[in-house]
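Okay, so chain A shows up in both of these, paired with chain B first and chain C after.
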Partner chain A sequence: MVLLVLIHFMISVYMHHIQKPVFFAEHYPFSPPGHLEKKTAKMKLLTLNFLTCAVKTCKSSSDSFPLHPKDAELASDDVEVNPELLVNLLPRLDWKALKTTSAELGFPQLPDSPPTIEQLQSDDKLLKDLHSLLMETNLMEGKLVCGVCGHEYAVREGIPNFLLPSHLV
Partner chain B sequence: MLPTPSTSHVPYTLVYEPAEDSFLLLDTFSSPTSLTFHTSHFPPSSPTPLVLEIGPGSGVVLAFLTAHANHIFSRPDILTLGIDINSFACASTAKTVSLASQDHPTTSGEFLSAVQGDLTSCLRGRQVDVLVFNPPYVPTEDLPALPERLREKKEGKVTFEEESKLLELSYAGGKDGMETTDRVIDSLGDVLSKRGVAYLLLCAGNKPEAVKQRIREMDNAGEGRRWKAETVGTSGRQAGWEKLQIVRIWRE
Partner chain C sequence: MEYLIRFSQSHETFRLPELQALAVLERIDMEVVSYSLDSPFCIIRLPPSSPPINTATLARRLIRRSILAMSIHELWGHGPDLASVHAAVKSTTSSLWPSYLSCSFKFTLDSYQGSRTSDQKVSIINSFSYLGFMGPIKMRHPDQEFTLHELWPFNSTPLGIPEPNHLYFTRYLGSSLRDLPKKLDLKKRRYISTTSMDAELALITANIALAGPGKLFYDPFCGTGSFPIAVAEFGAVALGSDIDGRSIRGDGGRKTLRGNFEQYGLLGRLGGTFTADLTNSPIRKQELGSDGDGVRGRVFDGIVCDPPYGVREGLMVLGVRDPEKTPWVERKGREMYKQADFIPPRKPYGFLAMLDDILQFAAQTLVDNGRVAFWMPTANDEEQEMPVPSHPYLETLSVSTQVFNKWSRRLICYRRIPDKDVDSAAVKAREERKLVGKTADELNPFRKAYFEGFQTPPATTGTSTPVAPATETPPPN
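Right, the complex of A and B next:
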């Protein structure tokens, strides 16, 4: 009996342990669940707009950007909406790359061209959706794959690792 | 005085502890002349600046820049990013920045992430508007390499030897203490945006006057602008020489 209780206890501890504070793209709503555990290190999805393959010879090819997320586990943050930030961010975003990243993670399709400042300022839902995607969505685990050389960069506990094995440096 | 971010959670056996050089960066960024420069260089409603620190270590400088964005850049809408070769430094930076941001929600910019990488090798070209680098600047015989095992996420305990290697990486700069810094200087044209500004910390042993001269003579791919390199912060005078200085690098 004691043994059974003990086993039950161990299983529940184990189950609790593997319930990571992550969820998958297809379940991702634009309103994040409130019970997610706060992990300190995380990689904002927006980061992918600035990263490329670290292999020198890949950089000249346009296929090295953006990197393609694989087996991605996402987590969501609660960040206060800052319309000014989004308005000033728009002109410097690579929209095409963002659209690719967002589609690959299973988010609703983004329009082909970025919204104008006027659209952003007048359309509250659009503003909130973009905010959610860019500011609140984090990559916690998974891989980032180069479209040229196929190298997979691991993301663990919210930290992507771009150090190449010695033979690729 | 803007408060210094807390780094009490950082494991100093694995990550460089904030010291005189880190604090010189904080002082330089809090100065009124720095604010004036940034306000005119990144006027409000110009595109959101991307701030990158290479080798943030504990994260104290990046957290300072993020949390006090409105005081330093006269706008809170900035993005910040850290790249460090040491995975423990990445984790420390993420925590330091996130704690400092939470403490100063009304003046804070947005932290993107702490990336493990080799200098700027994983960055898309010409995106960085503010680059900050407190390099391994101590002149040493050899340039250390990251232990192979620590290139991947570490399994098991970090040995004493690996610990000293990690700390060595944070200060040992090879010949003239400039081997790593030179790589960053050479990449500035590819890394900085057109309006980009870099802040580089140098010590007397780096021969700062010669470094600045070399930067001023760098090629700018026919863009018709010239590289500028000026000292904007100093500390610890020794026999008339600045022990440490911060050099601002940009094109005009």
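Right, the complex of A and C next:
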């Protein structure tokens, strides 16, 4: 009898152990209040220019890009200026989307058309401004909203979550 | 002039792809004169000096960020025995000797798979006295270093073989980044997981994919960030995503992907990380065949990744495995997906389908001549070997293999070809095929073979192989 109780106890301890909600860990608020100081991750605004809605049916519509930040918390940090990167990426940036994002986050208005590579190379202030916007500004918390389907992608601790429920896959 | 590259005798099949990638990266027109997987010595030819850059500088540049090469040397002469080396040195380099008459120098012997006694070494070195160098001999930091490399047969010491097979006499020019893997060593990294990629192989992957300053790289299966760190180490800005956000988050403090970047002082090159599934990727893509200028719309210079093989790390994508059998999963999802703690359901996915998706994604997001390099496992047994996947918009550049006991993994590198060079017949053939399967084993022939111990299928199956190219037909039983 004692043995049975003991075995039962051991099994229950074991079951309890393996039933730890590991699959839910990502969304468990296991960080204490004030977790923002921990800076788990950061997402540079540069990255936002490459992200659109993950829902396949939204991809064909131009309104799904860029995603619109909502309740955004930003953080800035010091990064060494990398002119080579900016010159390389300039033709790949969607300038219109960058202008929208920058306006929505309350930054000074960008010109309507992108600078040419020569302008960027010769204008130190322009280079610094663009660097500061793309490389030094980080999205920390908030939501990214699709302009077509309205789906809200949560951003937590600098990591946006683009996983979709099965009815949207 | 010819140059000798002294390789490390490890990861042999990765050495030439890495060297060729570095030649592309440094824009050096290199010709490989002699190379063998069994020898650490490789002879290359470089274009003649064109001022202001002389060929020795090109040679130093070629291997300055190599991981598998150790050093590069000016080749003064080589031959099957010492006498022929002397003859070659005397006949071709006598015009070079006066330049080194007064500088400090040292002589070394580099014997591969063999050894010499001290007396033999001294007498061999003295046999070069005709060079007539008058400068001081300095064993530390000499101006010039001359080396006699010896290639001995395997096991020559126990077999008592008296002489090496081949000898090379060289002048040292420059070294590589052979020590860099120690800096990124997994044993000293703050945060790793079971499937973190070895630092040396991650750096080689970054080299083969041409990671470099000013470039943008992406890893869609970043995990704890082995590849983003490797490409950032070479100067590229890295983006990473993973279907499991926990691997990016870590413990939320020091042990995170970002913490790893911090450890190596690379924070400025971490573009961002996000949770996403490659089959429903939020990265903006360009439909194939629709862009003209070759750059706009496609954003990455390179993609490097080690996708899950489905053995240690499950191969899952978003979706429900059997929507008809479990309709409530989707129904509940519709009701609850807006809640903060909602976890979207995932289903097993085919390994070959995943590789195919990576190639399709790479074709849609890489700039012209951008590279994608990924790892895939395969059985060593020829019957069960998995074919190298292909894509009409990508040219296969190299396949390198790391062999384990019964299986191997391969690093495959492709180049995005400009739209105008794409074969339209291959594009059409690609659109017409279909992939099938539902369970993990049906979807992943490698996983099935792995857990069955890589047994050769019985001979009665005739000529059919368990893995059909490009389609996933579940094997019988």
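By our rule, the second predicted complex is superposed on the first by the 130 of 169 C-alpha atoms of A that agree within 3 Å, B and C clash if a C-alpha of one lies under 4 Å from a C-alpha of the other, contacts with A are read in each partner's own complex, and residues count from 1 in each chain.
The criterion applied here is as follows: a residue touches a chain if its C-beta (ideal position, glycine included) is under 8 Å from a C-beta of that chain, and two chains touch if they have at least 3 such contacts.
For clarity, every value in this text was computed on a predicted model and none was experimentally measured.
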Query raised in the report: Aligned on chain A, chain B and chain C: do they clash or fit?
Result: clash
Report task. Considering only touches as defined above, state whether A:Lys42 meets chain B (first), chain C (second), both or neither. Result -> both
Query - Touched chain A residues, chain B compared with chain C - result: C
Query raised in the report: Taking the superposition as given, does A:Thr101 touch the first partner, chain B, the second, chain C, both, or neither?
Result: neither
Requested in this report: Check the residue A:Ala54 against both partner chains and state whether it touches chain B (first), chain C (second), both, or neither.
Outcome: both
Query raised in the report: Looking at the overlay, what does A:His167 touch: chain B (first), chain C (second), both, or neither?
Result: second
Requested in this report: Could you tell me which of 96-104, 240-248 or 330-338 in chain C overlaps chain B after superposing the two complexes on chain A?
Outcome: 240-248
Query raised in the report: So which positions on chain A get touched by both chain B and chain C?
Result: 40-44, 46-47, 50-54, 56, 59, 65, 79-80, 82, 84-85, 87-89, 91-92, 94, 135, 153-154, 157-166, 169
Report summary line: The answer for chain A against chain C in the complex is residues 23-28, 30-31, 35, 38-44, 46-47, 50-56, 59, 65, 77, 79-80, 82, 84-85, 87-89, 91-92, 94, 135, 152-154, 157-169
Report summary line: Listed in rising order, chain B residues that touch chain A in their complex are 45-48, 50, 76-77, 79, 81, 83, 85, 87, 90-91, 94-95, 98, 105, 110-118, 121-125, 127, 146, 148, 151-153
Report summary line: As the complex stands, chain C meets chain A at residues 213-216, 237, 239, 241, 243-246, 248-250, 252-253, 256-258, 267-268, 270-277, 280-285, 295-299, 301, 318-320, 323, 329-330, 333-334, 337-338, 340-345, 367
Report task. Would you pull the chain A residues touching chain B in the complex into a rising list? Result -> 40-44, 46-47, 49-54, 56, 59, 65, 79-80, 82, 84-85, 87-89, 91-92, 94, 135, 153-154, 156-166, 169
